[in-house]
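A, B, C and D are the chain letters, set down in written order, and residue numbers restart from 1 in every chain.
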Amino acid sequence: MTSDTAVRVGWVGCGRMGTAMASRLVLAGHDVSVTNRTRAKAEVLGALGATVVDTPRDLASCDVVFVMVSGNADLVEVVSGTEGLLSDPATAPGIIVDCSTVSSDTSASVRAACTSRGAAFLAAPVSGNPKVVAAGQLTLAVSGTRDAFDTVRPFLEQLGQGVTYVGDDEVARLVKICHNMMLGIVTQAMAEITVLAERGGIKRSAFLEFLNHSVMGSTFTRYKTPAFVNLDFTPTFTPTLLRKDFDLGMAAAYELDVPMPVSALCTEIVKATIGAGYVDQDFAVLLLEAARGAGLTMEPENVAVDDGLSGETR
Amino acid sequence: MTSDTAVRVGWVGCGRMGTAMASRLVLAGHDVSVTNRTRAKAEVLGALGATVVDTPRDLASCDVVFVMVSGNADLVEVVSGTEGLLSDPATAPGIIVDCSTVSSDTSASVRAACTSRGAAFLAAPVSGNPKVVAAGQLTLAVSGTRDAFDTVRPFLEQLGQGVTYVGDDEVARLVKICHNMMLGIVTQAMAEITVLAERGGIKRSAFLEFLNHSVMGSTFTRYKTPAFVNLDFTPTFTPTLLRKDFDLGMAAAYELDVPMPVSALCTEIVKATIGAGYVDQDFAVLLLEAARGAGLTMEPENVAVDDGLSGETR
Amino acid sequence: MTSDTAVRVGWVGCGRMGTAMASRLVLAGHDVSVTNRTRAKAEVLGALGATVVDTPRDLASCDVVFVMVSGNADLVEVVSGTEGLLSDPATAPGIIVDCSTVSSDTSASVRAACTSRGAAFLAAPVSGNPKVVAAGQLTLAVSGTRDAFDTVRPFLEQLGQGVTYVGDDEVARLVKICHNMMLGIVTQAMAEITVLAERGGIKRSAFLEFLNHSVMGSTFTRYKTPAFVNLDFTPTFTPTLLRKDFDLGMAAAYELDVPMPVSALCTEIVKATIGAGYVDQDFAVLLLEAARGAGLTMEPENVAVDDGLSGETR
Amino acid sequence: MTSDTAVRVGWVGCGRMGTAMASRLVLAGHDVSVTNRTRAKAEVLGALGATVVDTPRDLASCDVVFVMVSGNADLVEVVSGTEGLLSDPATAPGIIVDCSTVSSDTSASVRAACTSRGAAFLAAPVSGNPKVVAAGQLTLAVSGTRDAFDTVRPFLEQLGQGVTYVGDDEVARLVKICHNMMLGIVTQAMAEITVLAERGGIKRSAFLEFLNHSVMGSTFTRYKTPAFVNLDFTPTFTPTLLRKDFDLGMAAAYELDVPMPVSALCTEIVKATIGAGYVDQDFAVLLLEAARGAGLTMEPENVAVDDGLSGETR
């Protein structure tokens, strides 16, 4: 791949995240072929300049193929299925990069299938939402062989920032889970201290403005701020999805014999939040549960708040 | 104060933090007079261009006086003592801005003393260390009257970034405590997930590089990274000091009837860390306690790690 | 006090607990004089054979006086007030035994007042309710001088079972707080596992019957069982009172530098239960909060359940 | 089974617990045949009057067979193996009662195997140690058909006290796990409050004497008291075994969507205790970890303490 422009790139999966990510490669001028189970969704990228093909098998001759599908079964299907990336006995992609959220076990078995066909496999799970992608702030933890990583790195760096090679095999899966546990813990911490501050007479908007400017401020604390201030819980990530990551994390903590008291407690708090009925809203509803325990009925402050995602730079 | 250059600024307290902060005002060209119990420490600022005076009383005619001392008793002394800022019956400073860490009760009584002499009082506690100050990343939460805040705002913005007016009276004290509780929780979260990642075969340097680039990354996570990677626990903030903030926070949670399960658990973890003998080291030793529970003996990775404080921009 | 029958016993405080306790001494044939702020309440004991007097001062010549009042201020009043036990300059009781729930500080100051008048003072806080008293199952932790304890021991053993001398000064106060923290933790544990069992298809009555028969069964688990099975939350002890004990316990843990993670977490859970509106019911409502988090709407099983308090023997 | 004496009883598994339990049936005069993989261990019961046979197959014609083996694989082997209870095509036991600790899945598959041969299967897991058995205080939770339970009840009541029918199928497995989680939580609670009391100047022996006499006292708190007072951690149940039960419990909590914050925290504390090196000692070492966090070096009090197991009555 001496010249990026000569590289043929494939993309499997044109859901909201997949489309947001793939469009960055298309708009950067790469030669991208895309496919999706429901072809209509792929046409959005076609309109931007991508070539739309029927099935993953049509991408078998690509140099690198990215996969962004919804889970274990779909990954197996698009790689090893009858119309999958490896279904053409004559050829297989050079490198397959999976950005989906799948289990380490599934990842390992798909890797083995790829390896047996001479295709390198990289695990590159992402965390975030389309708005974060659009702001250029998606981060990628990648595991597999170092060589394959070095080859696709230029493309990964166009998908987002902070592309990090974290080791062999499936370890990137664990990195993502760790990251998402921190995301849950930080949200619970924000909920607790925001309620304390409000009970102490401080507006949420003022408190979080301070926090966001302080050394504790992060892209994440900034983009959760509008929900905390104005109580708009349109979901970016639901308690149910967060619980799934905590469950995976606690399962890893069990297998690796790592005590994680705060993570365990947050797992139970998230479970209780779901049990209390918060299923379809954004997981920022942890704030409402914290307020309930304080006997506090929160009202929206109706203040314009910057979510920190307006530009590509912080 | 129509022209900043005409404003006479006083500064009380030339410890490590006070000197780092005051030097920013001096170097910005303001007319600053400084005083410190041990006069020699004040001479450092004198060498930079400040006027060194004997006692706080000598600053009574200043337009604005900043105070950065070590606690309740010292604040009372430098304001209301026999040589204090209010000890000259003929005159008193226009605005006194206290950046020290003191209790809300002490803050309120000093405020009352100031008000009775016609001096406005602003609570502006800071959190951070001299290196953060030097990097221009100190943040300030300020409470008191809005008028006084608007007047001194230009000076505050030279002390650091993210100057936020959070409300009346002493509420900035609570904001700082909330901030520091989050700092402790985030560190414990980092400790738990870093140990999990390491047990899963991921180098701490790789894991934290990813985390710092991700949406969870903050100035704080970046400047704690060298300690986590190379196990250098030279203190910036000790477990004992962190515990003090957690204790204050839990006391506020008690008075305001706010349940804070994760904060409470972290309070106990910090207590246990101290009980186990970690008194003089940086509170990043929470990592070692987390590793102990996982039966893991950590070794320094001896990798050069950016602490994110090298420049004034992130 | 060579012969018990010759001993003149005083009793101050004829609320529900005081009356239940004092009646045991009266019915045992002792010479008991009683007093209460509202004299009518004392008459109940008068009907049983006690002598009703007007004020604590009238008990100054008793050999031993028990006090069972509602808190710090009342204890100070009945001992050191103008009509108090020590208000007669000519004489003072030999031993004063305080069974109330007061702070260690108040206890120490009342002890000093007694000592200065030659009266021994024993701290003998009790935990329980009138039904427990009637079942002969009240337990007493006692602190003060060993001599005084040995003298009054026969009377204490008529008040309940399990009279234990725990040390000097006010330590019995701490013992009671520790006891009550355990009571809260055990209730939360019962709530969690009962909900788990119910979600697993096991009737609460069957599960708790097993638990009560097992090595984990206690007088306490037995007398909480009816509330858990039939959801009758008529209060014996409210979440608010339980929180008070947890708060005192966590304050002691703070002062004595003892990490108590599970106690701290239960403190927050109790706070949240109160914040959610459970103020006037029995603290067994912890079960309902646990059920809420599991998305479980509990129904009374309407099963007759033995509370274990029907006889004086277990 | 109109007359107990006519019933032919089989027993599989003569480890420490099995022998302690079976000996109660033998000594009660029943006609008991026993078998064990290592025949020598079965001879102990032979000496008491039992008939020793070679394999479980030799018990196929018994009316009721008890099984007490060490785990999933052993249960499958002794029931469905080539020399198992069901290996004789001509006959099978009437009722098989399994007292082992096995998973619900294994229990269900063994039940199916029994049912297909016309043998009733009861899950009757026990918790405790041989000393508890000898004191007649073993408790049994039993699940399966009510008929089978009623039939074997007289025998179960000779094995211990508090025999409780808890429902169909495998639910007794969950009951046992719940019970053991409570056992762990109560021990952690005892550890926390005992350390607090000791830091407050109260001897552990005095504190626990009070607790044991109080409404919180249980057979369990009494038999853990010698370890707490004299720091003799000869194992009855190790942290590793306790962790196994907590892990099973948290797995059930995950599947049944039940938040269990205190149980989850205790799970992590037990994991950390193991990680710190406490593997082979009694799980009462939770006390030592609690003391470590308080900076307290505990010394044995060397006081004779009643463990409450000296007689068959409480």
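Everything below uses one rule, namely that a contact is a pair of C-beta atoms (placed from the backbone, for glycine too) under 8 Å apart; a residue touches a chain by one contact, two chains touch by 3 or more.
Just so it is clear, the structure is predicted and the values come from calculations on it, not from any experiment.
To fit its Cα atoms onto subunit D, subunit A must turn through 180 degrees, a value rounded to the nearest 5. Comparing the residue numbers each copy contributes, subunit A and subunit B share more than half of them at their mutual interface.
The chain with its Cα centroid farthest from the Cα centroid of subunit B is D. Chain pairs B-C and C-D differ in how many C-beta pairs are in contact, and the one with more is C-D. In whole angstrom, the spacing between the mean C-alpha positions of subunit B and subunit C is 46. Centre to centre, using the average C-alpha position, subunit C and subunit D are separated by 34 Å.
For subunit A, the set of residues that touch two or more other chains comprises 253, 257-261, 265, 268-269, 271-272, 274-275, 293-295.
By the touch rule above, subunit C contacts subunit A in their complex via residues 261, 265, 268, 271-272, 274-277, 292-296. The touching residues of subunit B, when paired with subunit A in their complex, are 127-128, 132, 137, 139, 141, 161-169, 171, 174-175, 178-179, 181-183, 185-186, 188-190, 192-197, 199-203, 206-207, 209-221, 223, 249, 252-253, 256-263, 265-266, 269, 290, 293-295, 314.
Taken in their complex, subunit C has these residues touching subunit B: 247, 250, 253-254, 257-261, 264-265, 267-269, 271-272, 274-275.
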